[in-house]
Structure formats: structure tokens, C-alpha cells
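Going in written order, the chains are labelled A, B and C, and every chain counts its residues from 1.
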Amino acid sequence: MGILAEFSGPESLKAVAAELRQAGYARFEAYSPYPVHGLYEATGRRRTLLPWLVMLGGTAGCLAAILLQWWTNAVDYPYIISGKPPFSLPANVPIAFELLILFGALAAFGGVMVLCNLPEPYHPLFGCAEFRRASADAFFLSIDAADPLFDLKGTADLLRALGAASAEPYSRPQTERRVPGYVKATIALLLAAALAPPAYIAQVRFSRKSSPRLHLVLDMDFQPKYLPQQHSPLFADGRAMRPPVAGTIAAGAAIDDAHLLRGETGGQPAELFPMPVTMELMERGRREYDIFCATCHGLTGDGDGATSQVVVLEREEPKWIRPLSLHLPTVRSQPAGQLYQTIADGVRTMPSYASQIPVEDRWAIILYIRALQRSREGTLNDVPEELRKQLESIHDDATSYDDQN
Amino acid sequence: MSTIHLDDNMTQLPARRARLVLGKADCAAVTETVCAIVEQKRTPPAWYAAFAVSLAATGMFFASIGYLIFTGIGVLGNNNPAFWAWPIVNFVFWIGIGHAGTLISAILFLFRQRWRTGINRFAEAMTIFAVACAGVFPAVHVGRIWLVYWLAPYPNQMDLWPNFRSPLLWDVVAISTYGTVSLLFWYLGMIPDLATLRDRAKSWWRRSLYGLFALGWRGSAGQWHRFEWAYLLLAALATPLVLSVHSVVSFDFAVSQLPGWHSTILPPYFVAGAIFSGCAMVVTLAVPARGLFGLKSLITMRHLDNMNKLILATSMMVGYSYAIEIFIAWYGGNPYEAFAQLNRALGPYAWAYWLMIACNVLVPQLFWFRKCRVNIWLMWIIAVLVNVGMWMERFVIIAASLARDFLPSSWGMYKPTAVDVMMLVGSFGLFFTLFLLFCRFLPMVAMAEVKTVLPRDEREKSD
Amino acid sequence: MMQHHTTIKIEDDRTHLAASNFPAVAASIAVGMILLIVAGAIGRPAGQGDSYTLLAASYLVSYLFFLSISLGALFFVVLQHLVRAGWSTAVRRLAEILAANLVWWGILFLPILVPVLLGKSDLYAWSIPGAAAADELLRHKGPYLNPAFFAARAVFYFVVWGLSAWFFLKWSTRQDESGDPAVTERLEKTAPAAMILFGLTVTFAAFDWLMSLTPEWFSTIFGLYFFAGSVVAALAAMILFAAALQAGGTARRVITIEHYHDLGKLLLGFVVFWGYMAFSQYMLIWYANIPEETVWYLERQTGPWTWITAGLLFGHLLIPFLGLLSRTVKRSRVLLSFWAVWMLAMHWIDLYWLVMPTFAPDRLPLGIMNWLCLSGVGCLFLAGVLWNARRRSLVPLGDPRLNESLAFENF
């Protein structure tokens, strides 16, 4: 309810607004088809808070983005990918910037809607036919009846005196519509229903279950193929896993080197080594011998390794067959290839060491064994100069000890 | 001092700004010109014809996407080594086109370029539709599109989070933000014009529909004050947004270690290129639209002249970037980088490269000449060629670089399939369908903004 | 935006400097030369082997600081003509005067150029004879990075800049008397070519004088990065120039608060643009982590230089961004001048950060040398500005768009 007056243009509108403000009117509004500068100030109202809202929104967006990225990638499930640290600020800047803009824009849009009180479809002025031209090319001013200075005739006269082309009263249409109850109920129901998926996810996330997880999209997760250890009716032995075909050799291994792989030359056990004999090979042989062979054959090759000592001393097994001493004439006379075949295939109670000792290491061990065997029949002159003195001093210590005791 | 004609605003007088609206320049005339398009009872047959074609192309678009999803990525031409090909080229192409709309709306607004009011509404609409087209491509090229929700950070049974350090995630956030902010900006600006349509509507359903979206706008001084502030703030936000979005898209390439991709100038180079292609698309759309819809008094030759100058300016920036990349490729001494540049010019895709140079750098030079800037047919052809050139640029950057990267044993040629082509053509169909719907049902020109730039003496005749 | 009728009449306002400032000019030149000579005396090698290098580096920083102000001002002038701007007419003469120093600034480049030509440069390792022979990469760059071509390019840059600056100032001044609109059209027609030449010369000057300090390193965006910093510095200098003039009683009413507001907006925009350039360069190099590129940033992220890098992030970008956002700040001469001084300081730190780490990787050489060079070159710059400001209106009186500039109002 109030009075609607039409004016000819923005300048007169501004002047009238200023006049009304001077006269003490508070509840009046000026309408124009486009923004008129100075009009809002003429109505005497405060500047809008919108810039602050946008600043708040932007800051919130930036902080939310950084928090999100920090918590998800650096705290909850941290991992390093392509060398970037879990919390990498340079990599987080783009998203922080974008969310700053997004939240700021939402604040601007939401802010202007709220501050303008939009959507507002049922303003009384929409009942006025003339007011329809306000959005096209006409300038209006309305004074609300609730204004303390409002007087139906007096205010209309004042407006006409100030230059209004017309000043007619307007009123609220008779029917008033409220939002129906069932609409409100439906919206409430939908909101409650919308909470269901997050609730389900929360329940699933934080509880233990014995059944497998929800598998909505199967993709190629269940494929018609055999997995390891499964039974297969296709083969007689029922195994889906098949052993390698006879004659299979490891990738990269030499196929035809009988000397290297089987210790044979011309069908007979080889006498010679298939690779150059170096100090390095010897050292390697010593290392490998100490690891694999010394447990049974002893560090010096006498067959008095730890297993024998355990069996003989602790368990007192009378039927225990001691490992061979490597210095026996029967062993000394064996060619290198036969020693190789012993390691690779095993002999009597000694199992095959093929799975533990690679091919070259086997030859290295054999080289060391030859050194051990040689050491039993060697003389001091066989020892290199620099080590002779050491041996002599050890010998002197040992004999002097014996002499004393 | 020469006289100024009411039908022509091309005369340059330094002391006086040119008219931005020709003919009868008062509020009623502006309202009538724009609303008449929306309110006409009989849709022009030309519109129906264009709509039929674009709708058919849209159908082809969705059909090929459906085929792609049901059959698999193999129907596209993506292969080893060109894992990124036409889908990503199209994505970058469409996002780039969208940028000019925001430039015109937001950046030219901040620079107080009043001539933007004639074209900003449909440039913004162009942005929205371009972003919609662009967003489809990364979504469908992933392969398992039904899992694309994994890109969002929601708490899940696998305890996994997306890797926010990846530029692909930055893309997701940037494109969503860009789409949202552009939509908000476009819609906010349209509210007063929707109110105008609501107030002029004769039928109840028109009044209700426009009224629904006009949200009850009355045009009071208070509402205008807050509206102007919101518009200014959104413009101030959209300006860095438009720079950042295409920079984020450029990061997809620039953060890699590939020669030809890893170059620090890529962000501003891509942004300049985006604005370049977008301005060309605006001209491509504006030239027929102003003729078909009778908007020559609002989208004047001056507007087109200014757009063409923008096209020329951004063409120079793009040319500068090409030159600097070539120079530094030599200067840096990295043989792979140098090879990448040489390969572009002389390798198997040299035809695409030289087409790109011709369309992006050489052809726009015609706009130095005023005669070319104001010739309707020539400017339309140049604008189309610019868009061809910019599409070629993305193709050269993506497919040609991938086809010839570090190891010669990894080299391979890329060939698009029929599905690739159908998707590209179809995306144009989607774009034009949406645009034609916009032209028919929504106010094409920002009436309220144009009214603020009318010559004062004619706007306020009786004041 | 509607335009309001203006009541500002130019005749009411003083647009020339009050008195002849020839004594001031002479004094500036004298003081500047003395300061530089003292710097040179301290900088001679005396025990500390690298103090000459630090002198050269300090001189380079100070020289480029003032050069970038002039370059940014030239960009401003050319841009305003290119886009036919109206608001800036009242302040454009200030930029023209700041840019006019480019006419003779090449002379001050000699202390940098001559050592390069003599093969004794402390700054440019590639220019030492024999350096290229030892390093394959330098050999590769030889056709570009050699003293002769370097000198030729420098001459070219200064010719282009000097001619542009002189052209725009001369014709604008001529228009003061004649008021001929044809001058404006002529300047508008020249602007595009001037802008293209500007873009290319500034880019390659940045490559030559800053990027080649670390000859193995390269970055395609480097020219734009230097350009962004220059525009920030020029806008800050313009604000201070206007504030100083108005404090002295000149152009008190012609340059309105609206002009400060717009300069403030541009300053904010270019601060953000500088941040964008800096971040693009940093993030891309950080992300790809290729050693031949990261070496440059590693120098600036080890030891005490880390603080300067962090300082630039906060001081050159984040803090001034927040400070310049406010409309109130931009519409206050005092507050805006504060931020202008801040930005100039930050720009100097930016150049210091670009140049010094190559020569002092483990410490921050901040001492008397820097102040002497800065104030010495600064006095000479001031002398140039005062010289060009004398006997010339500080507002383009004859410009047809001056009325528009006086009348416009910000939102």
C-alpha cells in the first residue's frame, strides 16, 4: 500500500529523492530501468556490505582448499608421487586460488540475493500496470504507507508539486499465497532422504564388516581365468599351475655350455675350470664355502662342521654318517667336474645345492676346495713371501706355548 | 570538425567518444529492438533451418559418445605414443573459446570500455556453452566414465583421496569454478533484462517463466546499488579467474618434462591464445546474428572494429610466444627441445604447423588495414580461419609433440578415427544448438547496460 | 558510467614547476657522480678478490632498477595511446617525463658494456675470452652470447627506447601549444609499432642483461617477468611523482583523487600480474624438477637467500595485494604513496634477488656498496627527470581528451 509516482528522467528522480529525504521521508524507493549514479546516495542509505562478504567468502575458500589438500594428501593418506612431498604448497596453489574465486563468487551472488531480498515475486507494485514500464524506460518513485509521514492526499500532492507526471495509490492484491504445507513436507522429506547416502558411507567407513565391500561396478574384476593354486579339471594331476616343460632353462642362461652348466667335457667330468681362475674367484669361493658348505664339511674341509658336532656331541647318534672329509684321497682324485656335479645334483645323503648356489659360485667353491686340499700337502715354500713371516710367527707362538706346557 | 551521422559511429574524433548505439537511441528503442527477437510470434525459418542442422549434429555427438562408452577407448585414434589427441585438443579449444566471453564481460568492464555492452551478453552465453562442450571431452576420454566421480574428494571405502598435486585435478577444480562463476555472472547480469521480458510478456506462461527467473526484480535504487557492486565484484573475481583457468589448462602440459611442452611461458601464451580464439568466435557469431536478428544498431561496426583490433593484438601476443619459444629452444642448448621445434616445422605434421602459422600470425595481419576491419565478409572469413588456426595449434602442441618425443623407438604417427571427427563436429552441434536456443528465448543484448551508455541527451529527452 | 559536469578549470591550476630548477639538476648530477665515484673507489680489488664483482653487480641492480622505471613508464604512455584512453591524460605527461630518461640512459650502460667488450666483465662469464672454448654449452650459445652482438643489441635497444620516448614526449609537448587533434591521431597510429618494438626489445634486454648472468639457464617467460616488475615500479613512481608535485603546489586540482584511484587499481593489477609471472616460472620449474632449470632457483633457496625469496613472496605479492584491495587506500594520497614506496623497495629487492645470488651464493652482500650505487644512479635519474620537467607543462594541456580525464569518476 502506498503511492506510485512517475517522473520523466533520472535527474528529476534524484532531485525528488533528495527533497523527500530532506522532508523526512524514510520509506520510499526510486525505480529506474538502468542504474543511475548518485540515486542511491540521494536516498540516503548506507553502502552495501557486499565487498566484505566477498572477502570473507574468498578467504574461507582459500583456507578450505589448503586445509583439504593438506589433510587428504599429507595427513590422512600421505604418499609421495613423482617426488613431490606430501604437503607441497606450490602444487596446492592452483586449487587454493580457484576455490578462493569460487567461494568469493558464491558469496557475491548469494550476498546480492539475500541483501536485495530476492527472490521476491509478490511485491504489491506488481499489481500496478504502469509499473511494468519501470524495467523498460520509465522512472518511478514509490512511498510506502508505513512511512510515518505518509498521508494519502498530502504525499500525492507533494509529489505532483515536485514534478511527478502522475501520483496514484497502489495496494496489495487481495489474495495472499503461502507455501502449501505439503510442499514444505516434501522438501523436508527430500532433505532427510539426502542424508541417507552420507550416513551409509559413514557407517561403512567406520565399522568393521565380515562381508566384502559393495561392488557396484564390476568392471573386469571377475574374469574367466585360473588363479594360482586353483584346481583345474583339464589336467590329470588336477593342477591349474603347470610345471615348466622338460628342458626349460632360465632366461638369459647359456644353453649349450655343458662345461659350465654340467661340469662335463666330452661326456666326461671336466678337469679344468670353465672360467679364468682369479684371486677374486677364490675369495668368492671362500665366502660361499663358509656360508653353504662349512656347516657340514667344516671350515677346514675335515668334515667336522657344526652339524656333525651337534649330532655327535649333543645327540650322540651312533649311526650318523659324517660328511666326507675333503682331504681323503678319494675326494682329492675327483676331477673338478665331478665335484661340480656333486654340488649341483647332490650325492648320497647330501642334497642338491643347485637352488641355493648359482652356477658360477659353484665353480668358485670348487676352486676354494682345491686350495684347502693343496694346503694339506703344501710346504712353507709354497706360501708367498709376505705371508711366510706371519705363518712363522704363528708357528713360533704355537710351539713356544707347547714347550711351556 | 566533421558532423557525426546517426547511422555511423566510425568517425574518430579524439575529443569526443563515438556513439555506441546507432539510430534512435533511447531506452524504449533499445528495449524494443532486443525484446522483439524474443517476443516474435513466428520464429524465422532461418532459425529453424540452423536449429535442425545443429540438433542433428548434437545427436551425432551424443551417439558417438554413447558408442565410445559402450565399446571403449579403442574407437578413438589415441594410441601409443599419442595418448592425448583429439579429445584433449577439443577440450583446450573449447575452453579457450570461452575465455573471450569473460574477457568482454569482466576485463573490459574493469577497464571501463563502454562498447562492450552491445556484445557482452551473448559473449557470456558463448562462454557458458563453450565450457559445457569443453567439459564433455575430459569426462568421456577417461575410459571408465562411470568412475569419474573418483575425481571428487569424498570419503570412500577405499580410504583414498584424489592426488591434488596433479594438474589434472587442478583442471577439474578450475573448469568447475569457471563454469559456475561464468553462469552466476551471466545470470546475474540477465536478471534485470528477464524482468523487462516478464513485464512485457503477454501470455501467462511467458510471464511465469520469465518471472520465475527474474526472481522478482523491481529495479529499485537499493537493488541497483547492490547489483552494481555484485557485478563489479564478480568482474574483479572473474578477471583473475580467466587468467588462471587457462593457465591451469596450460599446466597440464607445462609441468611435464616433455620438450615442446615444458616451457615457462605457456601460461600467459595459452591465455593470450584463448582470448584470441574466443574473440574470433565472437565475431563469427556476431556477424550473422546482428544481421539475422536486426541488431545492427546495437552491435555496430564499431563493436566489430574493436573486436578485430583485439584479434590483431592477441595474434601479436601469440606470435611473440612462438618466436620466444623457438629462440629459447635454440638458446637453451637442449637438443630435444630444439628437435621438438624443428620437428613441428619440418616433421610429419609440418602441414598442420604451417597452417597454424598462416592462420594465427599471418592472416590476422590484414587487420592492420581499416578496410579489412570493417569489411563484413572478410572479417568473418578471417575469424573462422583464426579458429581453424587455433585448433591446429593445440593439435600441433599435443599430437605432433607426442608423436616424436625422446626415444626414436617410441615414435609413432597419429591418425584420428571417424568417431574423433564425429565428436568434434558434434561438439559444434551442441554449441550451436544451445546458442540458437539462447538467441530465441533469452535477451541477446544486455539492455540495462546498453541503456547506461546511451548518449545522455537522447536518453533523457524530456529531463 | 555517467559523466558528471566538471568544474575544474585548468587555468586555475599551476601546471608548470614553480621556479627554474637548473640548480637542482646540476646538484643532482654532481651528487650522483660523486657517490658513484666513491663506490668505484671502494669497489676496487683490495685484498678481497670479489669486491669488484659485487660493485659491478650492485651497479647493475641499481641501473636496471631505474631503467625499469623508465621502461614501465614508456609502456604506460604507448599503451594509453594504443587504447585511446581518456582517464589517464592528466597523468600521462608524468609518465612521458619518467620515460624520457631513456634517451640518455644508454650512457650509464657503458660501465657494464665496456668490460664485456674488453673481455674483463665480472658479471658475464660467457664474455671472458676462453670461456666458450672450455664449455660446450657456451660454445653453442656463442652466436648470440658474444661481446660484439651483445653490444650491437644494446645499442639497438637504446636507440629504439630513446627514439620512442623522445617521440612521444616531443609531440605531446608540441600539442600543448597547438591543441591539434591530428597530433593525437599521429601518436595513436605510431603506438602499435612502438608497442611491438617495446615488447621485443624489453624481452631480449632481460635475456641479455639478467638471464645471461647464469648462461646455462633459460626460461621463456623471463622477459615477461621483468616487464611485469617494470610496470609495477613505473606506476609506483608515477604515484610518487604526482604526490610530490602536488605537495609542492603544482597540478593540485588537475590530478584528482580519481587518477590516484585508477593508478592504484593498475598497481594492484600489475602486482597480481607480477605474482602470476613469478609463480608460473617457479612452479613449472619446481614441478618438472629438471636439474638444468632448478639450478637457478636452488641458488636462491639455499642459505640466507631463502629469506629473500620468502620475503618477495610475502612482500611483493601477498601483503601489497591485501593492502591495495581497499578502495579507501586507493583513494588516499598518503596511503597510496606508502604502498608506492613499498613497491619500489620490493622491486629493488626483486632485481637484487635476480642478480646477486650468482655472485654471492652463501651470503647477503648488503652494504655500503648497494646504497652508494642506488643513490648515485638515483641522483642521476632525478637529474634527468628534473631536466625534462623544466619549462614544460606537467599536464598535457593541448590534449583533446583532457576534459574527459578531468571529469571522469570512479564507481
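Note that in this section a residue touches a chain if its C-beta (ideal position, glycine included) is under 8 Å from a C-beta of that chain, and two chains touch if they have at least 3 such contacts.
These numbers come from a predicted model, not from an experiment.
A count of C-beta contacts for the chain pairs A-B and A-C puts A-B on top. Ranked by how close its mean Cα position lies to the mean of all protein Cα atoms, the top chain is B. The mean-CA centres of subunit A and subunit B are about 35 angstrom from one another, to the nearest whole unit. With centres taken as mean Cα positions, subunit C sits 46 Å from subunit A. The set of subunit C residues that touch two or more partner chains comprises 1-2, 283, 287. Multi-chain contact residues of subunit A, defined as those touching 2 or more other chains: 36, 51, 84, 91.
The set of subunit B residues that touch two or more partner chains comprises 228, 240, 247, 251, 452. On the side of subunit B, the complex with subunit A involves touching residues 26-28, 31, 144, 146-147, 153-157, 159-167, 169-170, 173-174, 176-177, 180-181, 184-185, 188, 191-192, 195-196, 198-200, 211-212, 215-230, 233-234, 237-238, 240-241, 244-245, 247-248, 251, 447-449, 451-452, 460-463.
Taken together, the subunit A residues at the contact with subunit B in this complex read 8-12, 17, 29-36, 39-40, 42-43, 45, 47-48, 50-51, 54, 58, 68-69, 72-73, 76-77, 81, 84, 88, 91-92, 94-95, 97-99, 101-102, 104-106, 108-109, 111-113, 115-116, 118-123, 125-126, 131-137, 201-202, 204-205, 213-214, 217, 219. Considering their complex, residues 12-15, 17, 110-112, 114, 228, 232, 240, 243, 247, 251, 254-257, 262-268, 316, 320-321, 324-325, 328, 331-334, 368, 452, 456 of subunit B touch subunit C. Considering their complex, residues 1-2, 83-84, 86-87, 137, 140-141, 144, 181, 184-185, 192, 196, 199-200, 203, 207, 216, 218-224, 265, 272, 276-277, 280-281, 283-285, 287-288, 290, 292, 399-401, 403-404, 411 of subunit C touch subunit B.
Partner subunit A is touched in their complex by these residues of subunit C: 1-2, 279, 282-283, 286-287, 289, 325, 327, 409.
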